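Multiple structures follow.
Note that chain A is present in both complexes that follow, paired respectively with chain B and with chain C.
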Partner chain A sequence: MKTLKALVAMCGLLIAANASAQSAVSEEFQKFRSIMEEDNPAELFEAIGEEYWYTKAGPRNASLEACDLGLGPGVIKGAYAQMPRYFADVDQIMDAETRIVHCMETLQGFSHEEVTKQPFSNDKGTPNHVSVLTYVASQSKGMPIALPQSHPKEREAYAVGKEMFNYRAGPYDFSCATCHGTEGKRIRMQDLPNLTTRDGAAKSVLGWPGYRITGGRMLTLQWRMNDCFRQQRFPQPKYVSEAVSVLLTYMGVTANGTMYTGPGIKR
Partner chain B sequence: MKTYKTLTTIALAGIVVVLGACASNGGQSDKVSRDKAIALMKRDFKATGIAGLERLDEDQVQATCNHSGNNPPSDELIRLQQEQLATIKLPADGNLMGDWKNGEKIAQNGRGFTWRDKPGNAPGGGCYNCHQIGPNEASFGSIGTSLYQFGKIRGYTAEMQKYVYSKIYNAKAFNLCSEMPRFGYVGALSEAQIKDLVALLMDPESEVNK
Partner chain C sequence: MANPMKIRAAVQGDVTDVRVLMAHDMETGLRKDSSGSPIPAHFIQLVTVKHNGKDVFSAQWGTAIAKNPFVAFKFKGGKAGDKIQVNWVDNTGDTRTDETTIR
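This part shows the complex of A and B:
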């Protein structure tokens, strides 16, 4: 019985240690975030994206209504929570952002250079594909994250993405796992989710795309991966490259089963 | 009695899970998938600023840690740690202590080596990103151990100075798959900068030891 008590106490301590790692500052921000999410500026970009989806544009003067996000042409509901996934027409893994860019090229006739000239939101504004992504993401709100693993290339993407996640290189020997492979760690005051667990990985999906209060910009997962690799001291991933989709597959599949809460808000 | 056994099993399982999560990176790496990951990155990444594609190539230490899930066989571990130890260049004059106040500035500065950094910009140590150090900085990370009162606790000995200098110069000489960068070995920090950091931890006058 003594052993049992000790074990229970030990478990309690481990849980308590974990909880105290959550800094007071981040708790305060969580409160702030839940208030802000009631009235998230991301909704503005959802509205712009929705309008763009139905508007004829580009050299072919076409809308995006025929865009296939994996559930059939024009089906948006639930699509974001099931991406990245395999697309037979291009024989590769694509995340939502890559697929939307692909649709703007194939349906509207824009060149890849035109669409990706400004990949991310900046002082000049928010690119159309980012607004469209925000709209598409909003249509998965309240749905479970359910990345498919039925196609062999989807299973391969998970396995290859996992290796990419753990791959240490560069001048500082960093991998994604250096910061995101252990429970309850921080960089400075910033809590680091452990992306190798389901609940940790959910944090890599939830809140994206997100409206960042600092600078007032709508930012995407492609942006987040880009900035992670910068801090990892790696060279830069090309925008909407398959490598990023493969990495997102590993994290997304790990998060499978958690609920997607729609576009979020960031500090 | 049955309940007792079940609870014990659950408690033990809980501890195993928690401890398992403490170990960096679970399990061995799969060679086929790893090779594909490297090929994919080499195809899909681009050189930007000072961050060239050669950064995607593993050196021997990185490769060994990558292949083994950060848990290399002991003979390889010992051999490579000895090799890393041999890379450490101690200051010629034998003085390992610089200015602790300057060390604090270096510890605060997390810049350097990203594709936004210019070639001439001297990187900082970024020490506070991962370590608690001085008593006046509450914004510190927790990937590394606390270094608060380092010298006071461990003793202001010449041996400890040498260890701190060497650890900052090349952390992989002491723990092959450590998360800590090899600041001297890769040329991120100069001899003078490392001396200042040694003083930050080892000078009895440093606020770290107050």
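This part shows the complex of A and C:
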């Protein structure tokens, strides 16, 4: 009996030691990130995006200055922290990335195929819409995440997004909630935020768009969502699919009230 | 064409803190692309920083410097309003110069 008690006590100690080692490693990662954040190369893409915003381009030789990001044509300040939202002109929910692509098509006259032929950053470079998104996101730095829920379509998007988040399917019978629905989960050394809570969901919005040090690429939330679908062995959504906007609405609304810190840096 | 740098220079007391973020691929020449052919070396070889036209910092770089490099250093003698000019030259002869004033 005595030995059993000792054994139980020892197991308890081991578990405690393991847990503290785990959090110590997470803290080191956190320190690394905050050092890198001081001089985040995302700023280089902000500069490129800002220049593009005011540059005339495309078949119509127009700039993006008249682009309405939900707060009126040309208003960038705070727009990113309030998207995805409902846009009456297209009668649908759009996230920032979708809206910028939409503006490049409607204002500059590019075809959808042209804008989206390279949706994400790769070895060949960073597409213009990604740089523009980085610039737009930087203009919401330090502002609260405040996704509107006043339009019925916005409330519908939240509900559908929540359903998608919890929808189990695919060869592994996975849903987003499998990894991101409870506290304290991790993959290897990565702590997984619980996206059903406010502070957890904030982690899905914060730091995006993000500069990934591996490969030196600027990556967006649309890219991240595609990667989630890939990891679940789901078919990947089409670029700027409304499904992704809707999923982002669910996570964004859950994160409402937390502070957006601007484009981030990823390992 | 090379993309612009981000330069910050701030003076505190008699010490000026300069921080430069450069946009450059910094290819080592050892990597291969998706079709298996080597990506040619492309990296910054010389960095020069001038304060009001006078050299205050210079560095010779090689392939061990990361993509989109960041440089920070301090020097004495700068005043608010002074000009800081940063120049780099890479192995293909491409060069870029950007300027800022000390805050």
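What to note about this one:
The rule is simple: the second predicted complex is superposed on the first by the 244 of 267 C-alpha atoms of A that agree within 3 Å, B and C clash if a C-alpha of one lies under 4 Å from a C-alpha of the other, contacts with A are read in each partner's own complex, and residues count from 1 in each chain.
In this section, a residue touches a chain if its C-beta (ideal position, glycine included) is under 8 Å from a C-beta of that chain, and two chains touch if they have at least 3 such contacts.
In this text, all values refer to a predicted model and were calculated from it rather than measured experimentally.
In the superposition on chain A, A:173 makes contact with chain B only, not with chain C. Contact with chain C, but none with chain B, is seen for A:123 once the two complexes are overlaid on the shared chain. Within the superposed three-chain model, A:88 lies out of touch with both chain B and chain C [touch as defined at top].
Once the two structures are overlaid, the count of chain A residues touched is higher for B than for its counterpart among chain B and chain C. When both complexes are overlaid on chain A, the residue A:216 reaches chain C alone and has no touch with chain B. Looking at the shared chain after the overlay, A:187 reaches chain B, while chain C stays out of its contact range. Chain A has no residue lying at the interface with chain B in one structure and with chain C in the other.
Note for the complex: chain C touches chain A at residues 3-6, 19, 21, 23, 25, 33-34, 66-68, 70, 72. Across the interface of their complex, chain A is touched by residues 4, 7-8, 11-12, 14-15, 18, 21-22, 24-26, 29-30, 33-34, 36-38, 40-41, 43-48, 51-53, 55-58, 61-62, 65-66, 69, 113-116, 128-130, 138-143, 172, 179, 181-182, 186, 188 of chain B. Listing the residues of chain A that touch chain C in their complex gives 39, 41, 43-44, 47-48, 123, 213, 216.
The touching residues of chain A, counted against chain B in their complex, run 1, 3-4, 7-8, 10-11, 14, 21, 156, 159-164, 166-175, 177-179, 181-190, 192, 194, 196-197, 229-231, 233-238, 241-244, 246.
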